[in-house]
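Heads up, the thing below is written out as structure tokens.
Going by the order they are written in, the chains are A, B and C; count residues from 1 in each one.
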Amino acid sequence: MSAQVTTVAVPGTKRSRSLSGLRGTGVAGMMSAAVIALATIAAVFGPLLAPFNPDLPNLSLAWVGPVGGHLLGYDFQGRDVLSRLLAGAQSSMLGPLAVVILSMAAGAVLAVVAAWRRGAADAVISSGLDILFAFPGILLAVLATAIFGAGLTAAAIALSIAYMPYVARVLRGVALRERSQPYVAALEVQGSSATTICLRHIIPNMLPLIVAQATIMFGWAMVDLAAISFLGLGVQPPAPNWGVMISENQTGILQGYPLPALSAGVCIVAVVIAFNILGERLFEQAQEARR
Amino acid sequence: MSAPLLQVDGLTVRLEVRGERRPVLRDVALTVREGEALGLVGESGSGKSMTARAIDRLLPRGAEVDGSIRFDGRDVHALSGADLRRYRNQVAMIFQDPRAHVNPVRRIGDYMTEALRTNLGTPAAAAANRASDMLSQVGIDGGARRLRQYPHELSGGMLQRVMIAAALLTEPRLLLADEPTTALDVTTQAEVMAILDGLRREFGLAMLFITHDLELAAAICDRTAVMYAGQIVEVRESGRLHDDPLHPYTAALAAARPDITRAAGRLRAIPGRPLSAFEAPPGECAFAPRCPHAQDACRAGVPPLSELDGGLSRCVRAHELRGKLGEPANA
Amino acid sequence: MPDSDRADVLEVTSLRKEFGDLVAVDDVSFRVPEAGSLAIVGESGSGKTTIARMIVGLERPSGGSISACGQDRSRPARSLADRRRRGREVQIVFQDPYTSLDPRQTAEGAIDEVLRLHHGWPADRRRARVAELTGLVGLDERQSRALPRALSGGQRQRVAIARALAAQPQILILDESVAALDVSIQAQVLNLLADIRDETGVSYILISHDLAVVRQLTDTTIVLRRGQVVEHGPTGQVLDDPQHAYTRLLRDCVPRPGWKPTRQLAQASAEQSTADKEAPRE
């Protein structure tokens, strides 16, 4: 019996994403997290970090390029672009945050209730969600601002209502799977109440997916809210906000002064991409953890 | 004696798990002759499924394979392209859960004739006829109608028969059966086993039958190999395995099973739990920590697989323990 | 003491369950005495799991009655307190060790949760009882503190058994609880179950398709086929001298030394299946 020692490596790539937590999301994931962290710091400390006054107009300095400490130049009203970006981070990040919190909370509750009760309750909830699905977010936001007046609050609430059925759909699937696990049945047989089981067992086991979903949605909400503000229906000028800044400074692009509008656009795009990448990585992690 | 159809020597496989390289198979050696049925029995972590995968080149990405697997004299791992496809026609595999291995959105007929049409170039009509014939051989009537059905229209037992029929269509010479009846009811299992056994003899197929059920393997296989912690620990003629085992693990496994004819006061359970290859203590007999007959010699080094009375055993004390393995251990 | 002299802890009478047109359980009756052990044997579609689910209240009977520890439980529990009381009468251990435990809870946590549900005990008394239970099922300290993913199948089943026993039920339903375990581990758990029954006097209802396990663990057996009882009696008698053709078939299909799956056996099995399909269901 000859034992030929020929080491044959089956071709394939090494799986480096075997760690859990943030490090497990890989280089792209960690870089995205860094971008998000920067944006968060700007959102919290923006006004304090701004080198110049973001609100004081000085028309004689309109459209002046980067010079003397003004790294990104002046906008159409002679205000420092960088300072406005930093100050605007707050409303630009807070809006999506509110949307995510509201839609995820409402969606999660509906999903768990539908999954727990199953049968008729599930059918009713699912049909209701299907109806809500028919309304695109932006249209609902336009409707809301028409009724309640322009502003971030109305837009954010409208968007939350629009996103909620999507969240509920996704979470319902996971909730159904958890609900049909034997450990839930074991708790029911013990006499544990439905609320206890849902809060202490089902939802915690859905958390990885909830976090992943919330992260991705933040990006979408940011784009939608920026668009709404761009249209003049969300945050109103002269308040600093990235979407508003694109709108206010758009004439500058054609006139040869692209920096103010584009830099606001880059901020939005960078943060949205970061949330998308991180969200997808977290999603993958959640799937892997399931196995 | 002609050369064996399948010859595995010194097969050692390491997989990457969570960043670490772990052995799952250690120095596995077995032979299957033309037309012979070899049973491969083991518990969790024994490596029995992994052995079949290595033979069928279905190992996960990044696996490291040492040793040789020779089919009809050719090194299996050196095959590629057309040779590899030919190999896959000659070695068929059937799995435990048919639903997980059959595409639910395609018809049975498509599933069954795929290999014939793509690998062997058989025209569709001829392939369908052969599939129909094979279905009746496995006890499923109404061939043409069945071919148009979808997997969800068939029960687990019927789907398993379909999988067997599909595997036999390419006229393989070796069948790898990975726990094909574990998920079936006991009556369905008996039916499927009878069909498998009958077809095997009729077509002169060799078979590697993997199971956790020692009695089942012994019933339909000519020889049975027992695996523990990624190693072969015994190979024996099936008829003699129960009464005259050559390794304490085999004896312990048989003794741990409850008896349908009587209730034992207490079952002879093996202490501890079955280990995987990477958990086994290095440099000694993997079973020693749980073995009632272990002595210092057992911990001196990894015991080699040696011949004894027509069989193979990895126990250094096999010779002196013969005939005594059925009884409780002596001090 | 013969079965008839002992009080019954469970009495099931003319139990029936329909799912739409399908009659899953049809006129099933049996009793389980105190510290007794009953096997419900059947293959898939026999209704055995449905019966278990009805007894623990996960499914509602379409007809007939179930009475445990002298209390009727044919209708769903009226209140949470009622459900908890029933949980102290009958408990269940499921088949799959991998999904029977909350993946985020340690063994100690899972058992403690059950104790808090049923008793208003202070923390140290609960701790002591948790230690008692984990000791009873043979788990060491490391295993009690571990999350399920760090435990093997057999260890997880032990946790599931300990959790089920925490409520001190009179009846423990074992729904194929050892079927997914390795042979050597199965033997350990079967011995453990026998010990627990000796020590605590709990009654078992073992749902199983494995006749050897049934022989080892139970005193009486009922054989189910397509929702109906086809045979019942002392386990030894049912397995050694089966009266019904189906029971004989089941026994003949069990692999054992010298067994061969013959075409005749396959034929008999196929004939049974055909007879099932052709027989009208009342």
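Convention: contacts are C-beta pairs under 8 Å (C-beta built on N, C-alpha and C of every residue); 3 or more make two chains touch, one makes a residue touch a chain.
The structure displayed is predicted, hence computed values, not measured ones.
Across all inter-chain contacts, the pair with the most C-beta pairs is B-C. The most distant chain from subunit B is A, comparing centres defined as mean Cα coordinates.
In this assembly, the C-alpha centroid of subunit A lies 48 Å from the C-alpha centroid of subunit C. Per-chain CA centroids place subunit B at a distance of 31 Å from subunit C.
Centres computed as Cα averages put subunit A at a distance of 50 Å from subunit B.
Those residues of subunit A whose C-beta lies close enough to touch subunit C in the complex are 181-183, 185-193, 200-201, 204-205.
On subunit B, the positions that touch subunit C within their shared complex are 43-44, 139, 156, 185-191, 193-195, 197-198, 212-216, 218-220, 242-243, 252-253, 256-264, 266-270, 273-274.
The touching residues of subunit C, when paired with subunit A in their complex, are 56-58, 77, 80, 83-87, 90-92, 94-96, 99-105, 113-114, 117-118, 160, 163-164, 167. On the side of subunit C, the complex with subunit B involves touching residues 43-44, 152-155, 182-188, 190-191, 194, 209, 211-213, 215-217, 235-236, 239-240, 249-263, 265-266, 269-270, 272-273.
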